[in-house]
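Alright, structures below, take your time with them.
One chain, chain A, links the two complexes that follow: it is found with chain B in the first and with chain C in the second.
Our next item is the complex of A and B:
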């Protein structure tokens, strides 16, 4: 059900864009839609992060995946259990760039009657492949938005195409992203426990990203489009003086509609983990709760009533009742 | 709001990166490439047309010369019949570059604009007078 719904939602976007492009609504699908989607993306993203930032973290909750700093002769794990800001930055870098905590993923299964816990690295590997190729592809697309093309982007472009297979050459990241997204999808279908907890919100982004990659690859190798025309359009979008050249090709508008759907959906979806990973309290806090006092931000000023004051207050009554007093 | 000293700069960096194409283009003219076709070979032509129609050439020339290369080197066929029924020799240097001998003002204008660097010229010889 979740899967069917997501599948047809993506098909619907494709069909709407196809009909729109065929009926000549190039300005709508080439200019208005991307502008609107990008605006929703930026405003929605910032809004979401500000919303998160307005919730306090009541106490330090770093996960401690290594020896804590204690006595000087016990060596502590500086990245997995950081006590300093530098250590936290190191841990965050490992987390964001290399998915350190996913690397620790384990699986538990029954093997010939015994419950065994073992490492499970495939998810980590394919998640890494998927995210890195997504990043490279996004960066590479800057060649179509920026003139002159920045040096760094040229470097990425030539490394990505270094296999020099065919003309235009195959990009390594194209193969990798398809492999990555296929793995992430298959695990939701094949593993019964994962399938059970998968929702439309899990399948839809996978299908959408698959469709984006597929239309991109088709556009490169099968339904060729006028790339110079496309760059003219995209540069003009970046300059806020949009012009849509003729004869770009229908598949381009489908590709753009899918990407626009992704951008507009982003702030309201699980994809916000892109911003969320920076705010994960179990990762971005130093484990220094023994050294530094962390005050719960929503503590209100407590009115204390010490025993001394209590005794002063009730001295007479207590004396009458014969209770022992500290001060007479 | 909590931790605004870290979150606000983070968001500013995020928005800055995402809008890179917008602010990096401020004040730059839009140089759209204009491939020049005034070469001696083309100027002699009565009807100025390419091997196939212009739209096809614009979008698919790289696939076409790749097919040519495969046909010549793997199947030994040296001639291509285009959609107008004319026979053309399948050759990068002797066909394309004979007409488009102004590589730097033709092929390269588009290729620099879209950041493609065909590696063909590692081996094939460019028309005379064009530096690598």
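Our next item is the complex of A and C:
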């Protein structure tokens, strides 16, 4: 049910955009919708992060994944068990750019009564492929929003298209994101445990991103659109003086509607892991809590059993046992 | 109730049923859960909503406004812990954690997959605290809080040992221990603790240690150990208690004082201290290193922990030396200074024997016995005869908390390699930061839940079995009192023929002490020669 619902939700977005574009609501789907979605994304994202940040981190709770820093002759694991800010930054860079923790992934099977643990890198690999190609595609799209196109963006585009297959050339990142999203989807359908834990909120973004990539590729190779017109529109959006030229293909508006849906959905969904990973206290803190006192802003005094109460209670038996006393 | 045979418990299906977890009501089974906390033990420490109830009854006699208490409690904790808020929001359900949990691997119960354990609470969070969840309900992954959900939360938050193995693999560092800790806090607001935690908490608070050993009994127990040391090693040791002016306050889990085989570890500490002439004292008041309060609420953890600094201040100790314990070291390493510091009445710890400054503990002023011992060995301060441990083929079980909430991986290994000739590592995915829990941590070491303890202990035991069969390993060394208390049962069940020992016991057996006898016996009173013959 989770999957069906998500599937039809994405279909619904496509249909609505199709009808809208065919009815000539180009200003609504080309200007109002993306503006609104981008505003929701920006405000929602910032709001969520500020909301997280408004809760303090009362305790220093890194998950340590290597040797601690103790005696000078024992070499400590500076990235997996950092004690310095530089170490923490290193750990976070590895985590955010290269999915360090997921790289550690193992799979455990029961073979003739014994547990066998082995490496499991596929999820790591495809997650990396998916996220990096997503980033490249997003960056590559900037060429449509600015004129002249910055050198860096041109560079990304030419590297991405270096296969030189077809006309226009196929982007490597397009192939990779389809591969990535397909892998992430298939494991939710095929692997029983992953299927068991999957919710609508897991399928919806996959379908949505697949649809975005698919409409993008279709636009490039099948339903050719007026790229000059699109650029005029997008540059005008970026300059806050929107102009919608005539003759942009319908598929473009479907693509934009899907992207808008993703942006508007983003802050309220699990996709916020993008922001959350930066703030995760088990990863972004140094393991130095015995060397530097960590302050809990809401620390409050508690009632505890004072030694004097203890001695008052046990004075006689303590005396008989020859234990030293504060008061005889 | 009898424990099922290994043939039955090692048949595990890791494939969940087709029915979704939200549609599968909790079924509470004997052998899996622990007895409820006795109301008087809750009242003893002024905790709320003490009442009688039974897990098997339909009605758990919850307070009338239970829902309000629970939601209010959640709201408060979301505001107090960024970790909780983030962990409720950002899980993508990638499932990397699923087969990392010893309880899932041992039971096959899909709700023991860490992701689902957290989803049990996350679904409530989404249903009540997010706009999408309030409007779309189940489509947004939300579900309403019912009395059955409370039962489910109770059942599964007391099937998590807060070992953090899953958090190691999570791409966002989501820590199920954090979710369980807060989940248990919420349940405690409704008076739903287990007695195996609550009674030790009450004992520790009012008497000084988990078992409730009164000052004279505590002292007597240690004196019995002193007598044993004299019989087996020929050396008379005179430990002091509550002595003002001692340089070092020594605190260890009370399990070392009363429970076999922790006793031998306690004997080991005292022999080591005698050997180096350490000026230390043991407190009958702060006679508990462990902290079952940590399995109850942060506040209770703080209340119990406060005795350590309070006592160190009273006797005027320069610093505190801590014994071998797992969750004790989670609390000491990550919480104590924040809870009850600053410990500015003490000095930065310096080993009086080697002059080593323990820079890593300069604020908390508490040093781990393995750090301390490794430093002594490195500086050649111990006279050791490794061959006395030659009948032992040793492997080392990293305890969850020293491994994943501290990173004490090399110190114990260095010590073992210096006191034993035969040391073998278990497979790499089962040691160091990837270590498997004993299966009974976080206050779940009762007897009525033996089935889940043994199931949860299976991944650890299975790795021991590997080295037992391959290298003839017969000694499972560790640095944790709960390990020492529970691994013997797990070994007897899964890998008969493997003994469990604290590292300080191995050290003391190898220690050449001034004035000692022929050392024909080890600390367990076993004849070393015949052990060697057997081995």
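As a working rule, the second predicted complex is superposed on the first by the 299 of 328 C-alpha atoms of A that agree within 3 Å, B and C clash if a C-alpha of one lies under 4 Å from a C-alpha of the other, contacts with A are read in each partner's own complex, and residues count from 1 in each chain.
In this section, a residue touches a chain if its C-beta (ideal position, glycine included) is under 8 Å from a C-beta of that chain, and two chains touch if they have at least 3 such contacts.
Just so you know, these numbers come straight off a predicted model, no measurement behind them.
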Query raised in the report: Counting only touches as set out at the top, which of chain B and chain C does A:57 meet: first, second, both, neither?
Result: both
Query raised in the report: Counting only touches as set out at the top, which of chain B and chain C does A:302 meet: first, second, both, neither?
Result: second
Requested in this report: Go through the superposed model and pick first if A:143 touches only chain B, second if only chain C, both, or neither.
Outcome: first
Query raised in the report: After lining up the shared chain so the two structures overlap, which partner does A:166 touch, if you call chain B first and chain C second: first, second, both or neither?
Result: first
Requested in this report: Look at the residues of chain A and decide whether chain B or chain C touches more of them.
Outcome: C
Requested in this report: Based on the superposed arrangement, let me know which partner A:151 touches: chain B (first), chain C (second), both, or neither?
Outcome: neither
Query raised in the report: After superposition on the shared chain, which partner residues are touched by A:49: those of chain B (first), chain C (second), both, or neither?
Result: first
Query raised in the report: After lining up the shared chain so the two structures overlap, which partner does A:108 touch, if you call chain B first and chain C second: first, second, both or neither?
Result: second
Query raised in the report: Overlap of the chain B and chain C footprints on chain A, residue-wise?
Result: 53-57, 279
Query - Touching residues on chain C, where the partner in the complex is chain A - result: 10, 12, 14-16, 20-21, 46, 78-86, 89-96, 98-100, 105, 110, 113, 115-116, 119, 130-132, 139-141, 164, 167-175, 178, 205-206, 208, 214-216, 219-220, 241-244, 284-285, 298-299, 302-304, 306-307, 310-311, 314, 332-335, 337-339, 341-342, 356, 358-364, 366, 371, 374-375, 378, 403-411, 414, 427, 429-430, 433-434, 458-459, 462-463, 465-466
Requested in this report: Note which residues of chain A are touching chain C in the complex, please.
Outcome: 5, 48, 51-71, 73-74, 76-77, 80-81, 83, 95, 99, 101-102, 104-110, 113-115, 117-118, 123, 127, 187, 191-194, 196-202, 268-270, 272-273, 276-277, 279-283, 287-296, 298-299, 302-307, 310-311, 314, 317-318, 320-321, 323-324
Query raised in the report: Okay, in this complex, where on chain B does chain A touch?
Result: 1-4, 7, 10-11, 14-15, 18-22, 24-25, 28, 30-33, 55, 58-60, 62-63, 65-66, 110, 112-119
Report task. Enumerate the contact residues on chain A facing chain B in the complex. Result -> 41-42, 45-46, 49-50, 53-57, 142-149, 153-154, 157-158, 164, 166-168, 224-228, 231-232, 234-236, 238-240, 247, 249, 275, 278-279, 297
